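The first chain written gets the first letter, and so on, giving A, B, C and D; residue counts start at 1 in each chain.
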C-alpha cells in the first residue's frame, strides 16, 4: 500500500471515522451552523453549548467522508473548555496550516489532531479536514 | 449466451485506440493510468491536439471580418467545422448549429433568448429528477425572474424515468420540456423518441441534454426532430471551451439575441441596431476558433472508427462493469436502469465515495466521487454522493478489472 | 531630436521575438508574411502552443470536482492562471477575476448580473462614440428591456474623446459609465484615470474596455480603481475562447448569477438553490481549462520580455507607422489622436479599404479593412470603412515599410 | 503583379468601378432594396422601374469597394428589359455560380460580367460581387 495513503488513513483517523465522538444534535444550542462542501456534497452541522464565554460541549451531525468525520469528532473533543475566542483563533490557525504544505500543523506533540497531518499530501482532500473547523467559525459567528 | 461476467472483445478498430491518446501513456503514482472519469471529460486524441497546434502555428486569425488570407482560411475552417457538426448530428441545415462554450451555455441561451420573452407567471417548465444542475438551475433562475413554475417528473427506484408521469406533467401551461438523454450520474438512457413525439403532439418545445449521448451513440436530429439539443465538446474528445446548441431553424428565427457585440449585428447605429440571422445572431464576439477546429478533428477521429462500432462495444463494456461491480463485496449500485450508457454509480458499506476516490487514485485509477452536479438525484436516493466509473472508447475490460481490484483494497483498509 | 520618419530601434529583448511565433515563418502568396492585423487577434508564441498541447497530453481532466490526480493538477493549474492574471493586472484579490470567453461576454455579464437588476426606466448608461460594438450593443439591448437610455459622448475631429462632454454627461441618473481604454479602430488612448476619478467622485460605476490596452501597456488595477475592466485573451497572445472580467469584489458580491449550472452553486434542491461566492458564481459549467493554461503561459512570455520594453518600443513603432502613412501619396489618416496606441486607420483616394486589403494580401501583408465593429465611429467620420494597420511586439519598422510600399502598388493599379 | 490580382482587377472592372453606370436614385421606384454587407460595411440601394412585368430601368446608390461597384454597374445594364422573373432567376444562378470554384460563370462569351470571374479566386471578396444581385432579388420581392 502506498505510504502517503497509509499516512492519510492512520489508525487514529480510522478509529474516529468509524466511531465518532459527540455525534448527534444539541437541542437549543447556543451556536450552530450547517456547512456544505459544494464540490462533493459533504455536509456537516455543528452545535455548541456554552457556559458564559466557554464551550461546554460541541456535537455534530454529518454526511461525509472519513476524513471529515474524524476531523469533526476530534474537534468536538478538542474545543471543549476553550473560550469562543480561543477556539475561533485555533480553528483559523489550523485551517491555514492545512494549506501550508511544508509547515507541520501547530500542535503539541501528543495532540490526536496529528492524525490529520497526512491530508496535506492530498490537496483535493484538505477541504474535507477543514470543513468542520469552518463550521465552527461559522457557528461562533451565528448567535442562536 | 455468454455468462454474465465475461469481458467483451475489443473490436479490431478500437484495439489501437489507446495509442492515439498521449495522456493514457502517463503513469499516476507509479501506476499506468486507468481513466474512468470520462463523463466528466474525455481525453484528447493526438489528431485533435495536432489540429489545435497546427491552427495556431499556421492559420490563426480572427474570422468573418478579414480579407487577408489567414482570416479567410480561419473563417473557412471554422465554418467547415459547423458544417461537419451539422452532418454528424444530421441537422437539416448548418445554420441550426450555434457554437457555445458547452452544454451549460447552450441551455442558458435557450432560457434567455427563447423562453424568457414568452414566459408568463404561472407557466410551467418541465424537467426530470435525473437532470444535471445545468438543466435545473437556468430554469430556476428563470422561474424566479418570471413567476413561472418548475415541474419535476419523478423516477423509479431503479433509476428509470417514470415516463407516464413525465407525459402527464405535460400540460397546457408547459412552455418548455427539458430532458437529459443519458444521465451522467447513474447512466440511465431515457426514451427520448417517445417523449419528443408526445411533446410535438402537444405542441410543447422540447430540449434534449445530449451531453452524455453524442459521444456514445448516433444522434440523428432529423429522425428525432426535437426543438433544441445541447452538448459539450470536452466530453467528446474535443477541446475545452467549445460546444453547441442545435436549434430548429424555425425556433432560432423567432429568438431574440443572447449576448450583444460584434459579429451578431447586421447594422449598428446609436439609434437602431439590427441583427443577423441565426446562427450568427447568437454568436457575439470573437468565438473560440481553435475550439471549432479541434471539434472538427474529433469528429473525423470518431467517424474513422465508426459510431456503431463504438456504441456496440461500449454497451457491452458498461454492462460488464455494472455486472462486476454489482458482484463485488460491499458494493451497492445506485441506479440499475433498464438501458444504461457510459456510467455506473455505486456506494460501499465500508467507505465514503470520497475515500474510495482517493484510494483508487493511489492505484492510478481515476473515477469521480461526489454528487456529479445532480444533487436532487442524490437526494432521491437518500445519499449525498456516489463513486462513479464512466467509460469512453479507449477503455478496456482490464480497466474494469483494475477498478474492481482497487475496491478490494478499499475494503481491506476500511473493512 | 530624431527626424520624423526615422525608424525606431528594435530593443535587444525583442530582436528574436519573431522566432517564437511559428506562424510568422509562413509565406503568403509566396511572400513572407507581414502581419499587421493584431488588433483583431494576435499570433501565439510557441510557449503558449506548447502549454496547450502539454495540458491535453498530460493533465487534461475536469476541474473543481475530482479527487483524482489529473483533476487535482488541472484544477491547480487553472486556478494558478487566475492568480497570475490577478497579479498581472495588480488586482486586489484573485477572486476579482472572472474567466469569460472574452471582452464581449464580460460586458454582457456586467449588463445582466450587475446593471439589469438595478436599472429603472429613465436611468442612463453613458458610453463614448469611440466604442466597439461590444460596448454598445449589450447596453442597447438592456435599454430596450428596461426603458433606460443610452448616452453617447462625442469626440473631436482628430479622434480624441471630448472629455468635458463625457464628464458633463455623468448625471444623477447615470447608472454605469463605459469607456474604451484604447480605440481598436483609430488607436486613440483615452485618459481613463481622469474619467475614473470623476466617476468615483460622482459614485458612478465605471467599466473600462481594455481589449486593446492590456497587451500594449501596464494596466494597474489598484492604481486605476475602476469597478469593472474587460479584455480578450486572443488579442494578447493567448488562446481563443478565453478572456476575463475584472470586477471589484464589493461589486461582484452584490451581483446575481449570470449563467446557471454546475460549479456556480453552493447547494441545489428543487425548492431552493444557493450560489457560490465570486468568482465561481459567474462561472457556470465546465470552463475553457486549456484556455486558462494558455493564458498563464502568455503572461509568462510577456513578463519575460517586460511590459515597459514592449510599451516603449510599440509607441515608437506606431508613431513611425502613422508618420509614414500620413506622408504616403493618396493616403488620408482617419483619426490623429493626441495619444495613440496599437493601430492606425486610413483611407485612400484611389481605392476602397476592401480593395486595399486584397492588394496588400497578395503582397503577403495582412491588414484589416471594414468598420472594425465600430460602425457609429465610422459614421462620425462620414465613411463606411477604413484600412487599419495594427501592431504587436513582433512587428518591425520593415513591416511598416512593406505596408507603405504595398500602398504604392494600390495607387499604381487604381491611380 | 500577382496574376490572380490582375485577373481580379480586369480593365473592364476598373472602368466600371471608376465610372459606374446608372448611379443615382429613381424617384418613386416600383421596387427597391437597401442591402448591407455586415462584414465590411459596404452598402447598396437598388432601385427598379418597371413597365408591366419588365424592368425598364435600374439604378443604384452605394458606398462600397470597386468590385461591388462594378458588379452593380454591370447589373443595371444587364437586367434592363428582362422580366422580373427572368432577372430574379438570373441573379440566383449567378450568385450560386460565384460560389462554385471550378465552374465558369453561366454567361455568353461576350458578356461583360466575365470581368467578375476573377473574384472566385478571392473567397473573401465573393460577397462584394454578389451583394448587388442579392439586392436585386430583395428588391423584386419588395413591392413599393
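The criterion applied here is as follows: a contact is a pair of C-beta atoms (placed from the backbone, for glycine too) under 8 Å apart; a residue touches a chain by one contact, two chains touch by 3 or more.
These numbers come from a predicted model, not from an experiment.
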item: Which of A-C and A-B has more C-beta pairs touching across its chains; value: A-B
item: Subunit B and subunit C, separation of their C-alpha mean positions in angstrom; value: 32
item: Distance between chain centroids, defined by C-alpha means - subunit A, subunit C (Å); value: 46
item: Chain centre separation in whole Å, for subunit D relative to subunit A (CA means); value: 77
item: Averaged-CA centre spacing for the pair subunit B and subunit A, given as whole angstrom; value: 37
item: Residues of subunit A whose C-beta touches two or more other chains; value: 39-40, 122, 124-125
item: Subunit B residues counted as touching two or more neighbouring chains; value: 29, 65-68, 71, 265, 267, 354, 358, 369-370, 375
item: Chains touching one another, given as label pairs in label order; value: A-B, A-C, B-C, B-D, C-D
item: Complex contact set, residues of subunit B against subunit D; value: 64-68, 71-72, 75-76, 265-267, 276
item: Interface residues, subunit C side, partner subunit D - complex; value: 29, 351-355, 358-359, 362, 369-371, 375, 378, 383-385, 409, 413-414
item: Footprint of subunit B on subunit C - complex, ascending; value: 22-23, 26, 28-29, 33, 35, 37, 40-41, 43-44, 48-49, 52-53, 56-62, 65-71, 101-105, 107-108, 111, 132-134, 136-141, 150, 152, 232, 234, 239-242, 257, 259-265, 267-270, 273, 284-291, 354, 357-358, 360-361, 365-370, 373, 375-376, 379
item: Sites on subunit A touched by subunit C in the complex; value: 36, 38-40, 122-125
item: Subunit A to subunit B touching residues, read off their complex; value: 1-2, 4-5, 8-9, 14, 39-43, 63-69, 122, 124-125, 128
